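Heads up, there are several structures right after this.
Both complexes below contain chain A, partnered by chain B and then by chain C.
Right, the complex of A and B next:
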């Protein structure tokens, strides 16, 4: 790890060679069939917080869902113990199965041969799948993702560079250099605009692992991630989705356009839950906001390590559906987040950013101060949910989207 | 083993220094629990809310590696206690405990024990002695794992089982059938197949005998002496 960051900076600077390319949705159609109501997303005079009531309702729904998840997370141990106690007389096999399931759901180490084998496989896939994605992009004259077409002037250089990087990744050679090159490529993506770079944020999660690998990586069998690596993978990956969620509300036409073209993406129980009670006359607008908030919530859960395995499995299943059912072959790069989510879902080294709250409420519980314990849990859950959702939702109503058209 | 009366409690090592009044107090807060064979009392990583005193039966203390392999750290019999470590430091359980045979135990909740120990500090000394004994056993076990061969570790595991859970019979000391080759393998950090092969060799040497599926040690002192020769120089 020592010395990897300075090298990353040098390689990143090298990659900032001037080139012109336009990032746009080349393969995924996104034309709106009919325009959205712009005023829905903007300041709404006379309404509470100046937000459209349906937007406010969905924001509240998101706060309730997030707070509920946070509360259940903070009281997961007593719930788990009650369930495990209930099956004590049901026989050894049932007891062990329930215990393993409880460990999986509550992000505790799962000490099981099959789980361990899947985890090892997940890490192998996670570390190598960027190589496949790069090869696919090179074959499609794109950079990193098929959506970013290369400028014909620099096409040859970038195609060869991607192929070379893919070979290094697939053979697990000089992984810190691979990490530095990925970081450099991500910095380079900013030339297309900050939204393009934000779209590729999740790619940085594997760069974290590469950068923290030894230079002699080709000699090693890397089948496990350290606690530090898992933490940074979830932080970068989760933050990527969290940011992308907010970006979807900002760039609402693009998201609604995709939904217009691929109506099957509308069918999502979480999205329906978040849109519950919102004005049905703004169906498409509500879908955009609830879809975006679902991504914000899942990204936040992954980022903070709150029911990380559950969310990782849900998101991996969702990406698989997008790849196999909704969009087809052109979304094959989604193998990357699937690999990342598999690697963290099947790791037994999970940590949570809500740990300080757990320590506080645990201390209150051990001292017998039940009221104080409940106040810490409730206050932290609701406070956190409000802070995560409303400031950004409120701020977005002030933004001007004229530059997006 | 007798029912958990105050006289029964007096035979528990950590309560040996206590008077009848203190034993009565313990009798009041302790809850009796009967558990069928093959039941996990608690899993490694669970929160600690109580500690346990074994009245009858036998249990094994084990840890599970990430890949699912199990290592039995020790076995527990009547009069012994378990679960005190996590109860004292408030950390999650460091190992799992499972009943090998039907067992009866007394359960003392953490808060009750805390109040009791504050009023009767002598109990804490008893608990500390128990923790120290387990720590020493753990050190010995680690030393054995590092420097002794598999045959030594299997023979040592048989000796421990016979000492703690064996029943004297005409033909020697009979280890209860509840402890099988898999348990021996988990205690000696090896595989059940390897244990079977070592048992055959020990049987050839006359140190153990398999009788109707039970493991019988004809002469404990012979097995103990043989261990000296099995150990590396």
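Right, the complex of A and C next:
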């Protein structure tokens, strides 16, 4: 084995292993074996911002990672040009391959038949797979996913309703109605509690597509999503993960319970990266925070369309791994986010919410104002990262978790 | 091509949500304040067990034709102090009139509250029923939210036995329960026990567990309920 392969494998692991407990804690075992140090998550007198120094450190690490990604995103075009120029002499095949790869990584349209084919298949899967997930939930006496177990008194109705909705979805019939029913069902899911309903936020991303489909959907072959649909799918999906990340810190016992039941998840390289420099005597507490921040970061990237394809592929691969390797059949509802992430990863209609910043820095660059351009890029990246991470992390230290016991 | 207007979509979604809430309220009537409490206090797990629910066990008896059968059951189960008195939705007819009434079905469901979960042992319960000469076809345990069953397997004499349980029981349980309540299991070779984790708020049929054990070639010495954190 060459030296490059183990390195590549480690990088792969670094990206694939994180978030082993992503958004599924409620349908795997999660009983806390030992209590956490609650004071770690609360106000910490005498420390900067009143936050535990380890928490502060992890917040800072997350800010650095997010800012780095934002900077690379904003300067991706010059980097891409430099790389493509570097391979000019390498032959047409290499040039073309590098160009396709660069287009893929930088979220530009990819002109390739295989890419189109996967994209079309991804959309078909995305639109139909909720039908299978609903059938699975119905067969397991639950609503939408196993986080919502049904009461024996009402289960017959809910199971039949899910089966009917699944048939409509699988036959692509009356999709706007399907979308409305999914949204209505999500509203009803709040009956299990607002925090539990947040688990199902990603389900709303497919509802967006259904709602914006024509009534005659059964007569159409839908293999492509419009720019508007892709934008709203990534906004809802990304927001779902972003919110679930913060909820992991708020509801820390639930996440720590998963680690207590599956201790191997504590040795997660990506999460360790975010916990770099934090007090190792609070191993479980640091794991909860760094793991949550990893989810916040990935959710934010998806939501804003920053390296959307890269993050979508990473997350789809991670969910697939969770399903096939870590937790098995119980993870089958994750076919749903896999479908959504595949559909957006292989779409050629991607946009980014950071576009206004790009316009500003591009104008400064064209005017030859390099310092101004650098200030816009650096300021936007760091400012954005600070605003995304710290206010919420700080606010969470004030929250009372007494109702979670 | 016709598309739904935002107003139509909003109305459809809202109407469906209200319908579901209404149906839920119809099936499980509760004050509106309970909904707010449920919404606010999502805690770490959903609660589908109604307010005031207690641990209980329900026996589905294919044959309880008259008060004679029922009295035998009641008398036998008196010795199990962890069980509250039996409750039946419909009392069977008196022995004298049973023949005259000649109902098509003699099946009854008998429900018991579990007064002391720590003392509950479903092997004893099953055995007591069999001593009467009657057998339930389902023994459903519920009302405890998150719980696990501690199964004592006295015959685990060697590594082959342990491996056999390890390799077969999980597969058999998944087949037997069809994903209804079984979550996962862990084995303790030293203590000769298997801990069966039930899904949250699940209704667990203990007889499905004993059937799976029998198919694996084992019988349990005791099946007890454990709640709360694991030590």
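Convention: the second predicted complex is superposed on the first by the 374 of 405 C-alpha atoms of A that agree within 3 Å, B and C clash if a C-alpha of one lies under 4 Å from a C-alpha of the other, contacts with A are read in each partner's own complex, and residues count from 1 in each chain.
As a convention for this text, a residue touches a chain if its C-beta (ideal position, glycine included) is under 8 Å from a C-beta of that chain, and two chains touch if they have at least 3 such contacts.
From a predicted model like this one, the values you see are computed outputs, not experimental measurements.
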item	value
Simultaneous placement of chain C and chain B on chain A, clash or fit	fit
Which superposed partner A:116 touches (first chain B, second chain C, both, neither)	first
Chain B versus chain C as contact partner of A:215, first or second or both or neither	second
First (chain B), second (chain C), both or neither touched by A:154	second
Winner by number of chain A residues touched, once chain B and chain C are compared	C
Partner chain in contact with A:372 - chain B first, chain C second, else both or neither	neither
Touched partner set for A:253, first chain B, second chain C, both or neither	second
Overlay on chain A, chain C to chain B nearest C-alpha distance, Å	25
Chain A contact footprint on chain B (complex, rising order)	35-36, 38-40, 43-47, 49, 64-69, 90, 98, 111
Residues of chain C that touch chain A when the two form their complex	1-4, 8-9, 12-17, 19-21, 23-24, 27-28, 35, 38-48, 50, 146, 178-180, 183-184, 197, 199-203, 229-231
Partner chain B, residues of chain A touching it in the complex	77, 81, 84, 88-89, 91-92, 95-96, 99, 103, 108-109, 111-116, 348, 366, 368
Chain C contact footprint on chain A (complex, rising order)	26-33, 139-141, 146-154, 157, 176-177, 179-181, 183-185, 187-188, 190-197, 211-216, 251, 253-254, 257, 330, 403-405
